[in-house]
């Protein structure tokens, strides 16, 4: 915990970080719980997968910046949020099912939230811009990859979709804004919405990046 | 190693911890070696998988509590125990095959042992009750999940079985007993047997938790 | 960063370590990029997989020895090397395709390089021989296993091939040579070539280790 050198401004960042991080936890937990329920797991399995998916990326981030034990394990609010999300998914199953593609919606939201908070936490711990951007992507992508690996299906990140790129854009805006001195609340919403919009619109309108095999003309 | 503040009582805990942790390593190594052999791996692959399965959960626990390098890598006894278990599985293959479901038996034993030792180590390192319970589950479940991910099959934890719940019960008894001041040997055996019995009996009598999709009546 | 106690000799080791580690990153990034391209990923996915495969083993090693944040995230050269390798794979696709089994070639090279550098870094950080050998294997095997898990196929390490054994031989030579006082450059090339040759020749001439099920006669 090398947090003692935080200034007041950073403390405000820290409070905003916690709120957004819990929101991302909630979003990814819903996404994990729906996927687990659709695979026919029992209710305890649904809670475990929801918690794992919600905290997987954050735990990896915390291990990488030396913030041990990871917040997902020490802060009871993460567990409470994940359990609430899992319970809501199970209890309000018919409501969630009525939403169009709830996994995709909450997965996109969690992607944006974690891209921002992953970058924020690395900055709060005093690391450089490259580490912050990369850990934003790791935090954002970690949950979904963990979910897909545990459910033994090809990770979303590997399909022809804009996924990690959206996280990269969100984390980059957050870090660039911090370096340029933008107000934390302003840059955070821009970064969050940019990542969420890029991911969600790419799914809705089937935007895809070109494949290497298709780009026969050399782009040197 | 921030172990210097250990009292004599904690040192006794520590010795018991080491014995149980090595026993869990042995049990999970057998479970991993049998699974690897059944997939037709060569003898070196059997040793690697046995060691990975046996130490996967513990390494993850040690990374989360900042006990680096993880004991599975620094303490040669873990490697020796895993290699012995792998060798026994290969050498005494026909004997092991005659046992009914040896993977399941040793996996259940390892689950109980690691649920207890994972929680114990977190307590020894001075962490709170929630971290201890969660890391008990992580340690216990980590080995089996690692084995299943490496063998590209759906993790046992995802099937309709009482697996992570048994680990949760074991870790909770251990932590609650420690908080209530029970003698370490007493609480450890109760926790270990509760987890093992719950897991093993649930397999034998096909106990299952209800699935969310089946529970249409709201349990609010 | 407990590097301040480094002597001049160790600093030379450190410089050689960096060069070899970047070479291993390049080799594994090519291997990952080719595999990702063959699965039809878009160009961003190819970069992500190339970077993940190239740095997966090293990140795991750095977490285990407490070198946080891991070098793969803090040192921009790793990212630059991985991106260059991914770009070369895409841009010079037809050239790479003409090489016989480029994934296997670069995978073997990366295996040898990372077996050596993984062991070296553990020694530089002051850990014992067993940790150094094991982390050499972890670093070497981590990239390939990560690639195979993400592409949801059975890890190469599980097939009937000499893979982790080659890494073990390379890491053992490096550590034994360091203990016996061999010059770092000499022992490193011997260790590197031994691992690479063992892996590559075993593939070419289909050397295999015996399987446990086939060895019915007791080898006690």
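The letters A, B and C name the chains in turn, as written, and every chain counts its residues from 1.
To be clear about the criterion, a contact is a pair of C-beta atoms (placed from the backbone, for glycine too) under 8 Å apart; a residue touches a chain by one contact, two chains touch by 3 or more.
Computed from a prediction, not measured in an experiment: that's the story for all the values here.
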{"item": "Rotation in the CA alignment of chain A with chain B, degrees, nearest 5", "value": "120"}
{"item": "Interface residue identity across copies chain A, chain C - same or different by half", "value": "different"}
{"item": "Separation of chain A from chain C, taking each centre as the mean of its C-alpha atoms, in whole Å", "value": "29"}
{"item": "Shared interface positions of chain C, touching two or more other chains", "value": "63, 66, 149, 152"}
{"item": "List of chain B residues in touch with chain C within their complex", "value": "36-37, 39-46, 48-49, 59, 63, 66, 68-70, 73-74, 76, 79, 89-91, 93, 149-152"}
{"item": "Partner chain A, residues of chain B touching it in the complex", "value": "63-66, 122, 127-128, 130-131, 134-135, 145, 149, 152-155, 157-158, 160, 162, 164-165, 208-213, 215, 218-220"}
